[in-house]
Amino acid sequence: MMASTDHIGQSHRRENALRHLAGRGRFVTDLALPRMVHAAFVRSPMAKGKIVELDVTAAAAAPGVVRVFTAETLNPICAPWTGTLDHFAGMKSAPQNMLAEGQVLWAGHPVAMILAHSRAEAEDACELVLLDIEDEDAVVDGDAALVEGTPLVSDGIASNLCYRTVLETPGLEEAFSNAAHVVEGRFTFGRHTAVTLEPRAVVADFDPSTGQLTVHHGTQTPYQFQDVYAHQFGLPDNKVRVIAPDVGGSFGMKLHVYNEEMAVVAASITLGRPVRFVADRLESFVSDVHARDHRVSARMAMDAQGTILAMDVDDMTQIGAFSTYPRTSVAEGNQVIRLMGAPYTMPDYRGRLSVVFQNKVQTSQYRAVGHPIACAVTEALVDRAAEQLDLDPIEIRARNLVADDAYPHVSATGYQFEKLSHHAALAKLRQMMGYETLREEQAALRKQGIYRGIGIASFVEITNPGAAFYGVGGARVSAQDGAIVRLTPSGEVHCAISVTEQGQGTETIIAQVVADQLGVTPDQVKVTTGDTDTTPSGGATWACRGAGIGGETALRAGRRLQAQILAIAGAVLQAEPATLALAEGAVIDRATGQERITLAEIGRIATYRPDTLPEGCDNSLTAVQHFAPTGYPFDFTNGIQASHVEVDIETGVTRLLKHWVVEDCGRIINPLLVDAQIRGGVVQGLGPAFFEECMYDDMGQMTNASLADYLVPMAGEMPDIEIAHIETPTLDTILGAKGVGEAGTAAAGAAAMNAVNDALRPMGARISQTPMTPLRILTALGHV
Amino acid sequence: MELKGSQTLAATPDQVWSALFDRAILEQAIPGCESLEQTSDTSFSAVVKLKIGPVSARFKGDVELSDIAPGLSCTLSGKGSGGIAGFAKGAARVTLTPQGAQTVLDYTADVAVGGKLAALGNRLIKATAQKLTGEFFANFDTALTCEETAPAA
Amino acid sequence: MKADITLTVNGEAVRETVEPRTSLADLLRDNLRLTGTHLGCEMGACGACLVLLDGVPVHACLVLAVQADGQKVETIEGLNESGQIEDLQKTFHDRNALQCGFCTNGMLMSAHALLAGNSDPSRDEIRDALSGNYCRCTGYEAIVDAISATAEHRLSAERRLSKMKGAQ
Amino acid sequence: MKSPAFDYVRAESVADAMSAYAAADGDAVYLSGGHSVMPSLALRLQAPALLIDLSNIAALSGISLDDGWLRIGAMTRHVQALNDPLIAVHAPLFAAAAPFVAHPAIRNRGTLGGSLAHADPASEFPAAAVAMQAELEIASSQGIRRVPADDFFVDIYETAIEPGEVLLAIHVPSPVAGQVIGFDEIARRRGDYAMVGAAVQAVSTDAGLEDVSIALFSVGNHPVRARKAQAALTGRAIDAAAIADAQAALEDDLNPPDDPQFPASMRLHLARVLLGRVLANLEAVA
């Protein structure tokens, strides 16, 4: 079959961007429905305690208030949910309810829900709720949580340990005892959060007359929520419609089940009218999942030549009061210990993981789950090894990266790599950044008291996950996707697909892929996403699966429709379908390229004059295709990043001068959009490396829960980012695309930490904690 | 958050001691106190209005004296709820040491706030706590002195 | 106590009755359904709600609707329809200077104001002008590129124009 | 984050504003640029019964030169501090501070008077006012008084403005011959409140620096005049030794707040570094 690649690989612009530029985005926050009421929540001001009194009488009588719910009146209509999965053997978490029952477990835990005619009135009424909580000692530190005698994080658990596991190769001890060099470090990775510019938003609309529940939900995974709502509220899933319109950022944060969204659905079912909740920024900080929060001890063994023999890693990660549902809060730590050392030919390994509860907001999956931690620890140790062996950071990587011709390769942690291109990436990076020149400049500037640093980080990224991620553990999280492609009666194309759009350009790349199968241009392909009633069921967009799995689904659906069109054309033209092809909006003769009949004509005949088709000719112009990845459990990508910084050694302030990325995401569908993903991802990695941190006091109060105090990366501080590519398509699919959404985030912080430490090296100072704030840098320098 | 301080009071330890249990003096001493009612020999319920820069909130709560070593030391603890603004609580260990005709009052306080105040007021809280603690003991000194000089009823 | 206010929004006279506590942003979004003005923080830190008040970008979340009584407000919808920022919109599109689109309103407002006062901004000046506009998706570079490209286009158009005039 | 309900009045005169305040029994808040008041209302950190909008009061606007003093109306926007030619010449530290104040859109609406009256310990204009030895003109029911900036900033978010009083204007003495200034701050991100900041003004003479005026901010509950550092510089040329002495003197001048996120030792260290840099880069303005 002739595979057209006219549009795949081209930098098509996003049609849906035009709506946003015109102020015509349609977000859940913009939605107003008839009879809609607004929700606000009364939240626990304490990190842990027993609810002694909850009196909502005055609130219920306040102007504009429609209804007040407490745990007693709301929780019974929704089955509790528990964030555990079977493949994380032995993991535990308490069941969760919408509103706190008896005990509050973090500062921000919702206790009562007020519904009013406006959000302002709902907030007015919140002030009238009498809530008395007898506070209990909160567990705020993960290490302390594991000490015998420490109180339990909640009454619902038997231990503060959620999960513990060890991966170990048999040769680990021997590798360390034979090592010529061992380097080690203790690392702390701060807690941070997604801060999507559009906060979490949901409008639930239950129609009691038909039993139909429609939920407009700012999420990346509508089908998952369709299933969650159906199951938790006991509704048939075909009566649950979840619509994710424009979503103002998600990054993993909006695919978890939250108390507030569930409560809004429950309230709509109870009231039989639309209920809206839009988190305000303060609520976002104390209810959106947070990310990371790891303490890692690690050591690396090398032989005399600097060949990495083994790593030994212990990760303690702190997840808040519950493991999230339905994907758990263990996946992050699990990926941390499995991604350690991944780019390198490292035969032996031990990774220990402890996942620990505390009285804080939950942590869970967020862009580049686990990657930044594994990458930062590995790359920091590689740099320390280089320093100890007096090797250049490029040289030590060249000695240890898995050779480009040594695939397939299985890592010491058991990950299977189909084909990666670390050495090609390293060479390209070195050339692109002008490595030698930068080193010369660095040496010259040091003499003037200017301290610049260069940091490098190789990485692999997990993309295109199959069911191995969640499905095998019992999670009702789809690993497959579906597409419906149809030719309209006028010969245009429509594709409805289960992967979703949050601005990364999903709809554009799907249009490109489909266009190439049907011989049309992408602007002739209308793509619909984000509505469970109008698109087939699928996993949607997470873990970098939109392009690889969604794209392949679209490709196969397109080819199926192509075959149907050619069959009809063959019947009409009295030609063998195999002698025909599609190009430029028409059926052409495959050999000569001559136009035989237009798609518009095919559409017209099949739709309005099917009577003219020969008997037995199927007039269907709609093709349906589902696709689940087979072959490798994941398609790994790889790449390398470099960061160039200048540290003001008197103030501890770091200036980011430049950032480079060489990335191999397989077949590139749209270079413009791939680079956009990388740049955005890099900045999302640099943010927590330098600025972002959810700070807590020793009572478990988050103390910087506003955009004035929580420092997100802004334009003034972020560097320009230069990008180059290598294309190693996966052979698992026809399309050959892998994911790219998390690559930037995976290694940016690691490169930056190595760069800062490179700058600090002449002073003998070193930093092993993120964010790398002026305080921490000055402390490392001995100024504080 | 820990606060420490010392205040020299123009009164004997016994006078200071009884003032610590004196509703009227405490009412004058607590910054922003709108009402203070004695609920037992050693406890009071209070309504306090605080205004610090952009924050203005009314706290309802209790003040209690405990760990009492008469004439020497006690712990003054308070807990107040400011509604959706959050809560504040603190305990101050107070010790009295005679110094001639005067008394040196040393305190070590542990103060905490929660909820919205903690979430948003980070830059404010310590400075405010220090300021309010300072004001309390200064007011206490003033009230004590006034009491001393006032003619006996 | 509700207040009657009259203001001009995108060239249209608008009369509304609002509670004094209603922010200009809520008036625009909820009453007038001009939902292109977004709310990201409601405290002036994110820049998603920027509108032009009497021609100058301000945070619609930090202005009360009653304060805008008698004034002129322009929102993204108005700027879009007037064609004033067409070239800026085009370079944003070309350069993919937006992803989720939630910050885009504010970015366009800041860019529009910057270019009105500085026809040839450096990249650093552009980054400075955007220092109050939060974008979680793009990493900013594409936005800086787009604004820079718009300035270049405008300058070269001006140069062409003055050349033509010179030739006449 | 929706404000609690309140009434609103747009005052047409200072007397209007003050009587509205009195009529509300003090349960009122003045609104100038609104950039501090509005967030605190939205966050429900305060709930006044009445908001009194000062923006229409003619007496609060205008920038004029009078007898060696620049009078800057309290309602002057931050952006004017950045662009106004009179401010550039006669209150140069305001002009130097303005680029550090928040972001362009905030500067379009935020007011100088609002900044000074709000008295955030980490904000720029109060320190500039102290360093320039400005005087603040305050209206009360008893009349109008002028308070030197040194006495104006009393404590954290606390100024000499008593409840109900209105800040009318800022008066800045015009620079004299030989005047030099310096302004800088260390912040995490552009436009953030400073970790530490410094505003310096002095007169450069043949006999060395005179009238040295140094105000540091974000090092205490309000702008702090560094008297010992001033003394260390007076009568001396700016050289490495003089700068080092001024830096050393900060130990006595400052008693910075201490907290785990920002230890006192770090503030002192940064204040020294910053003062050194500002002193090394003083610019002549007259």
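Letters A, B, C and D mark the chains in the order given here, with residues in each chain numbered from 1 onward.
Criterion: contacts are C-beta pairs under 8 Å (C-beta built on N, C-alpha and C of every residue); 3 or more make two chains touch, one makes a residue touch a chain.
Not measured: the values here are computed from a predicted model.
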Reaching subunit D from subunit B through chains that touch each other, fewest steps: 1
Reference subunit D; chain at largest CA-centroid distance: A
Chain pair whose interface holds the most contacting C-beta pairs: A-C
Chain centre separation in whole Å, for subunit D relative to subunit A (CA means): 44
Distance between the centres, which are taken as Cα means, of subunit C and subunit B, whole angstrom: 51
Centre-to-centre distance between subunit D and subunit C (centres being mean Cα positions), rounded to whole Å: 29
Distance from subunit B to subunit A - Cα centre to Cα centre, in angstrom: 50
Two or more partner chains touched - positions in subunit D: 1-5, 39, 43-44, 189-191, 261
Contacts with 2+ other chains: residues of subunit C: 19, 21, 42-43, 127-128, 131-133
In subunit B, residues with contacts to at least two other chains: 1, 84, 116, 120, 122-123
Contact pairs between chains, per stated definition: A-B, A-C, A-D, B-D, C-D
Subunit B to subunit A touching residues, read off their complex: 1, 81, 83-84, 86-87, 112-116, 118-120, 122-123
Residues of subunit C defined as touching subunit A within the complex: 19, 21, 29-30, 33-43, 45-46, 48, 75-77, 79-80, 89, 92-94, 96, 98-105, 108, 123, 126-128, 130-144
Interface residues, subunit D side, partner subunit C - complex: 1-8, 10, 31, 34-35, 38-39, 41-43, 51, 53, 55, 102-106, 108-109, 189-191
Of subunit A, residues touching subunit C in the complex: 13-14, 17-27, 29-30, 32, 120, 194-199, 246-251, 280-281, 502-505, 672-673, 676, 679-684, 706-708, 712, 714-716, 718, 720-721, 744
Contacting residues of subunit A [partner subunit D, same complex]: 118-120, 123-124, 127, 280-282, 650-651, 653, 691, 695, 706, 708, 711, 714, 716-717, 773-775, 778, 783-784
